[in-house]
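Shared chain: chain A. Partners: chain B in the first complex, chain C in the second.
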Partner chain A sequence: MEEIYKELEKIVGPEYVSNQPEERFIYSRDPGTMEPCNPDFVVMPNSTEEVQKIVILANRKEVPIVPMGGGLVLSGLTRPLKGGIVLDMKRMNRILEVNETSRYAVVEAGASQGMLQAHLKKHHPSLKHSIPDSPPIATMAGNVLIHGSGHLSHAGGFHSEMLNGLEAVLPTGEIVRLGSCSISPYWFSRAPLPDLAGLFVGWAGTTGVVTKLAIRLFPNRPFNDVGIFVVEDPELVPDVIHRVTGVGVGEDVTAWMSPKPLWARGFQHININYSADTKEELIWKRNLIRSSVLKYINDKIGGFMPLPPPMKKMFLEAPASALVRFADVRKGGGFEYVGAIMPIELFPKAYRMGEEIGERYDAAYSTGARVMGLGHCMMFFYAYAFNRADASDVERAQRALEETNQVALEMGGIPWKAEAPAQKQIIQRMDPNTYGLMNRLRSLLDPKGIMNPGNWEVD
Partner chain B sequence: MKYEEILHRCFRCGYCKLPSDYLDINCPSYLRFRFETYSPGGRMWLLRAWLDGEIKTSPRLAEILYSCATCANCVEHCVFPKFKDDLLNAFIAGREELVNEGAVPPQVRDYFKAINIQGNPYKLPQDERGKWAEGLDVEPYAGQEYLFYVGCVGSYDERGKKMAQSVALLLGNLGVTFGILGSREFCDGNEVRSMGERGLFEHIAKQNIEQFKDLGVKKMITLSPHAYNAIRNDYPELGGDFDVYHYSQILKQMLKNAELKASGRPLRVTFHDPCYLGRHNKEFNSPRKVLLSLPDVEFIEMDRSRDNALCCGGGGGNFFTDILGPGSDSPARARVREALDTGAEVIAVACPNCAKMLEDAIKTEDIEDSIRVMDLAEIVLTRCD
Partner chain C sequence: MYELIYDEEICERCETLDCLTKCRYMELDLESAKRERGHILRGEDSAVLTDCVTCYACEEYCPHGNHPFYLIVDRQEQKGVWPVPIPLTKQQVVMMAPKGQIQPQTVKAPVINMCYFPMLMGSIQGKLFDGASIIVGSDIFCNIMWLHFAKNSVIRERLPQMIDNIWTNYLKDSGVEEVICFHDECYGTYTQLAPAFGIEVPFKPIHLFEYLTKRLDELSDQINPLGLKVAYQRPCSNRLVPETQHWVDDIFQRIGVERVEREYDRENALCCGGVLRAQQREDMADDVQKKNLDDMVSAGANVCVFNCPFCLFTLGEAVAERGIMPMLMSDLCRSALGEK
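== the complex of A and B ==
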C-alpha cells in the first residue's frame, strides 16, 4: 500500500492524495442511507493524463477505482465497496468550449452544474443547460452518466439523451473519444456512429473513467413562468400529463404530492414550466397549456392553483434549493429517494404505493414525478427523510427504500441510479442474456475488474 | 461540545462552497485543498464523527479545523435556515475542544503563546505599539470624540502600519477629533476567539473594556474590521458597550459633503470586501460610497462581491498561522486574478490583513506591473492632494 501511495503522489502531487482517516471517513459514504465502505486512498487528478496514469497503476496493482463527481447521488454509488482508490474528479472542472451556433458545451468531468449555469449566464446569456434539482455543486458528468434529468427534460428527455459525446479512460488505460469528437474537432452529436458512449452511461462507473463530455444547450428565454394544475384523483394524472405534454410548449413538467403542508395533502400538483422571448408569446403558451386541460377546468375537477410571487419564485428556481431542505424535516440531515423510471400510465398505482409505504413506515415522505420528453415516460420518486443521528430512523428509511424498489420493479418500473442491493433486485428480473451481455462487455473492457467493483454484480 | 446538536443536521449539499450564482468555489479552505474534508460540510461530519469516536484527534483533523478562514461564506449560503447561523460557531467550538485537549497545530500554539506573553503575535515589545504614529500629528487619547483603535496588524506589520498612518492622516485632514492608545493599546482578541481560546479572549476583552471605560471612551474608530467585529459583537456580552465604527464608515460620513476636485488622473478601482466588515457585519456600502465619491475614479465590481466576495484567506487566524498555505489555489491568489480580470489598476481594501494578503499574492502571481493594492484612505489621500 505504501508503494501505491508513493506512486499516486508522483502522479498528482503529494497535496492531492490522502490515506488519512479523515478523508477515508468522509469518502466512505454519501448523504444517503447506505453503509459506509472505506477507501484506501482518495486521489484528485487534474488532467486526463493523470487519470490515465492512475488507472494504469490501479490495473497493474489490481486495486479498485471508484470515480466520483459531486458525491451527491444519495444511493451510495461512489462508496468503494471493495476498497481501493476514490477518484475525486472535481479538480477537473474546466469549461472547455461553448458552441453557440450548434448549442453545446464541452466540459471536464468535475465541472459543476452551478459553474456551467453561471458561465453561460455571464458569457452566453442566450443559452442554458438542463439543470437537475441536485445541488449546484453536483457535476454534469455524474448526472449525465446516471441518466439524470432536469429543468429541460420535457424539452430534451433524460440528460443522457443530451450527451453529444465523451472522452474516457478505459480500465486498461487507453484514452478514447466517442461520438463526433472521435473524428471531428466538433462535439456535435453521437450520431451517426455506433453509439459507444452508451458503454459509460448507466454503468455506475464500472466501465471506465469519463474525463470530458459534451452536452446540449438550449435557448435561454427572458420570460419564464410556471403554472400548477391541481386535481384530486390520481387516476386523472396520466391524461393530464398526456394533454399538457401534447401541446409541446413546456420545458419541464413535474408532479408533486406531499402529506405536508396540510393544504397540499391528497392533491396531485402538476407543474408546467415554460418560457418565451416575449410577453405575448408567454401568454400564448399559457393559453395553449390551459386549453389542453380545459375539459377538467370546465368539469370543475381540476384547476390552476393561484401562486403568490414568493411561491412562484420558488418553483422557478433552478436548481430548486427548497428540495434539499427536505433533509431537515426530521432535524437529522438525511433523505434518500427511489426514483423509478416508468411509463406515465403507472402514475396512479405508483402514487398509491408511495402513500401506503410512507404511512406504513411512519416516514416523513414525499412523492413526485418528472416527465421525460413529450410524455414518453417519467421518473417517479419516493423520498424519505431520516435523522442520521438515530440509527433506528436510518434503518426505517432503508427498509422503506428497499420495499419501494421492490414494488416499483413489480409494477413494471426500474429504479434509477439504484443502490447496490437494488441493482441485484434489478438483475434478478433482467433478461439473463442481457445481463450476460453486460458481463461480457465488462470483462472485455475491464479484465481485472478494477472499476467500481461490487456494482452491477450478483454477489 | 457547544453546538454539537446541529452537526448531524448538515446534509453536505455543498451550497456552502459556492457564491449565490455558483460561479466558482467560494470557500477558501475547500478552494485551496479540494478534499471534501476541508469543506464546511466535511467539517460538520468530521466533528460529529470525532465526538462519536469514529475518528481520533489528529494533526490532520486540527489542520482541517484551523484551515477555515471564518469568512462566513458557508453561513451566507447554507440553505438550512434553522441552523445555518451557527455553522461557524460550531467550527469555533470544535477548535475550543482542540484547545482543551492541547491538540492545536504548532502555529496556533505559538500564536496563543505570543499573545499571552508579548500581547501581540509579532512578539514585539509593547512599547513599540505606538511607533507607527511617530512623525504624525496624532495625540494620545484624552477624551477626544473618538478613540482610534489600531490593533496588532496596524501597530506592528509594515503594511498595516502604512495603512494606519494613512487613515490617521486622513481622519485628521477631515477634521475628525481622535486620539490613540499607543503603547497602552492591547490586542482586540478577535483572532484569539475565532481560534478557539475562549478564556484568553475573555481576559483580553475584559482588559480592554476596563481600560476603555477608565479612559471614558464612548466612541471608537477601528482600523481593522476584525477589531470592529469583536468590539461590536462580542464585547457587549462582557459588559463593553461602545459606539464602534469602522474607519470606512467615518470616511463615508466625512466625504459626503466634501467638495473634491477632479485630479485629472483617472483610476480604475475594484473593491475587495473584508469578510469581517461585509459578511459578518453587513457593511457593504460605506467603502463603496467612499470610492464613488472620488472624482476620476472608475469603480468596477468583481464577479464575486459583497456577500459573495471570495475571502483573501487571512481570517480565522490564518493571517498569522498560514495553515491555508501557498499554491495557485490559495484564495488570495485566486482573488487577485479575479481582480485583474476586471481591468482595474487598483484593488481597494479596507482591512490591513487583506492588504498584506493580497499584496503578497500579487507578487507571487507576478502581476505587479498590472495591479496594486491600496487602502481606501491611501486612495482618498492620493486623489485629494
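== the complex of A and C ==
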C-alpha cells in the first residue's frame, strides 16, 4: 500500500493524495442512507494524463478505482464498496470552450454546475445550461453520466441527451474521444457515428473515467415566468401534463406534492417554466399554456395559482433553493430520494404509492416529478429527509427507500441512479441477455474489474 | 347564524339598479339588469353570478346601502358558482386559516393592525408611528378576501373569532379601544361588513389615512413638500367605505403632492388585476392593467400610491416598468418627513 501511495504522490504531487483517516472518513459516504465504505486513498488529479497514469497504476496493482465528481449523488455510487482509490475530479474544473453559435460548452469532468452557470452569466449571457436542483458544487459530468435532469429538461430531455461527446480514460489506460470530437475539432454532436458515449452513461463509473465532455447550451432569454397549475385529483395529472407539454413552449415542467406546508397537502402542483425575448412573446406563451388546460379551468377543477412576486421569484430560481431547505427539514443533513424513471400515465399510481409509504414510515417526505422532453416520460421522485445523527431515523428512511424502489419497479418504472441494493433489484428484473451483454462489455473494457466494483453486480 | 342584513323589498322597488347597470365589468342595460335581479332574488341561475369579478363596487353604487354584493356572493356560494377554481379556493382556505398561536399581550395606543401582512411590518417605523404597538398574524386576519371566492361561509365562521382575538388578547386588558387599520380591508370589515352580517365589533376601527392625517398635522413643521405627481390605486375594499376617500386628498395636500387627474380614479377606479388572475381571467386582467397603467402614464404620474398590499404586490412591478415609483401611502408620508 505504501508503494501505491508513493506512486500516487509522484503522479499528482503530495498535496493531492491522502490516506489519512480524516479524508478516508469524508470520502467513505455521501449525504444519503447507504452505509459508509472507506477508501484506501483519495487522489485529486489535475489532467487527463494524470488520470491515465493513476488508472494504469490501479490496473497494474489491481486496485479498485472510483471516479467522483461532487459526491452528491445521494445513492452512494461513489462509495468505494471494495476500497481502493477514490478519484476526486474537482481539480479538473476548467471550462474549456463555449461555442455560442452551435450552443455547446466543453468542460472538464470536475467543472461544477455553479461554475458553468457563473461563467455563462459573465461571459455568455445569452446562453444557459440545464441546471439540476442539486447544490451548485454538483458536477456537470456526474449529472450527465447518471442520466440527470434539470431546468431545461422539458426543452432538451435528460442531461445525457444533451451530451455532445466526451473524452474518457478506459480502465486499461487508453484515452478515447467519442462523438464528433473524435474526428473534428468541434464538439457538436454524437451523431452520425456509432454512439459509443453510451458505454459511459448510466454505468455508475464501472466502465472508465470521463475526463471531458461537451454539453448543449440553450438561449437565456430576458423574460421568465412560471405558472403553477393546481388540481386535486391525481388522475387528471397525466392529461394535464400531456396537454401542457403538447404546446411545446415550456422549458421545464415539474410536479410537486407535499404534505407540508398544510395548504399544499392533497394538491397536485404542476409548474410550467417558460421564457421569452419580449414581454409580448411571454404573454403569447402564457396564453398557449393556459389554452391547453382551459377545459379544466372552465370546469373549475383546475387553475393557475396566484403567485405574489416573492413566491414567484422562488419558483423561478434555478437551482431551486426550496429543495435544499427541505433536505434539512429534519436537521442533521440527511437527504435521499428515489427517482424512478417511468411513463407519465403512471403518475396517479406513483403519487398514491409515495403518499402511502411516506405516511406509513412517518417519514419527512415529499413527492414530485420532472417531465422529460415533450412529455416522453418523467422522473418521479420520492424524497425523504432524515437526521443522520439519529440511527432510527436513518433506518426508517432506508426502509422507506428500499420499499419505494421495489414498488416503483413493480409498477413498471426504473429506479434512477440506483443504490447498490436497488441495482440488484433492477438486475433481477432485467432481460438476462441484456445483463449478459452488460457484463461482456464490462469484461472487455475492464478485464481486471477495477472500475467501481460492487456496482451493477449480482453479488 | 350571522344572516346578511338585507331588505329584499328595497331591491324589488329599486328603479335604477345602479348595482348592475353601473358595473364596469358586465354590460347590463336596465332591462337586462331587472331580469337578472329577478333571477338573483328568486335564487335562480343568473349570468351575474358567473360574470361578477367581485370588485366590490356595487356596494358603493347601491344608493340604499342594501348590500347587493354580499347578496351576490351568498348566492354564488349557495349555487356553487365558484369565481376561482375549486382547488385554488380550497388551498387558500387552508393557507389563510388561523394558526391558533395568538398569545395575550399588553399593547399601547396607537395599535396598528397589520392584518396578515407580516412582511410589511417594516413600513411601521419612524416618527409617524412613534410608540405604536403592532399586531399581526393569521389569528387576527380580517378574512374579507373570501368575498372574492364565494365563501361568505368562511367569513361567518372565522371573522367573529378574529374580532374576539383582537379584543381579548390585546385591547381589553390593555385599556385600548381603538385599532388603526393599516389596510382598507380591515377597516371595511369592521365598520361595514361585520355590521352587515350582524357581527359585533367591540373596538373602534380607525382608518390608517385618518391616523396619518392627524400625525402629519402634529408633525407639520417637519414636512418637506414632495412636489410629486401621484396616481392613487384605490383598492376594491375601499368601495365598502367611500366616505374615507377624502383622507387621500387630505394627506396629499399636507405633504405637497398632486393627485393627478385621471380617468380610472375614485368611483371609476379599476381593479389591480390580482383577483382577476386568481379567477383565471388573464385576458381581462391584462386589459384592465394596461388601461390603468396607460392612464397613470398619460396623467403624468411619477409615483403610484397604494393602500392595499395585495394591489402593490400585483401591480408594483408593472408600475415600475412604466417608470412610475410604486409606494405604500405610509412610506410616501415618511418620505415627506425626510425618512428613508
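Simple rule for what comes next: the second predicted complex is superposed on the first by the 459 of 459 C-alpha atoms of A that agree within 3 Å, B and C clash if a C-alpha of one lies under 4 Å from a C-alpha of the other, contacts with A are read in each partner's own complex, and residues count from 1 in each chain.
The rule is simple: contacts are C-beta pairs under 8 Å (C-beta built on N, C-alpha and C of every residue); 3 or more make two chains touch, one makes a residue touch a chain.
None of these values were measured; they are calculated from a predicted model.
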{"item": "A:P447 touches, of chain B and chain C: first, second, both or neither?", "value": "neither"}
{"item": "Chain B versus chain C as contact partner of A:P222, first or second or both or neither", "value": "neither"}
{"item": "Touching partner for A:G412 - first (chain B), second (chain C), both, neither", "value": "neither"}
{"item": "Which of chain B and chain C A:G248 touches, first, second, both or neither", "value": "neither"}
{"item": "First, second, both or neither for A:G436, with chain B first and chain C second", "value": "neither"}
{"item": "Per-residue touch tally on chain A - higher for chain B or for chain C", "value": "B"}
{"item": "Touched partner set for A:D88, first chain B, second chain C, both or neither", "value": "first"}
{"item": "Touching partner for A:N387 - first (chain B), second (chain C), both, neither", "value": "first"}
{"item": "Residue numbers on chain B that touch chain A, as the complex places them", "value": "8-15, 17-18, 21-24, 33-37, 42, 45-46, 48-49, 54-56, 58, 60-61, 64, 79-80, 82-83, 303, 327"}
{"item": "Sites on chain C touched by chain A in the complex", "value": "82, 84-88, 90-92, 94-95, 119, 274, 277-278, 280, 282-283, 286, 310, 313-314, 316-317"}
{"item": "Chain A residues touching chain B - in the complex, by the definition given at the top", "value": "15-16, 18, 20-23, 25-27, 31, 42, 44, 70-72, 88, 90-91, 112-115, 117-119, 121-122, 135-138, 321, 324-325, 327-328, 331-335, 387-389"}
{"item": "Residues of chain A that touch chain C when the two form their complex", "value": "230-232, 261-265, 267, 283, 286-287, 290, 296-297, 300-306, 308-310"}
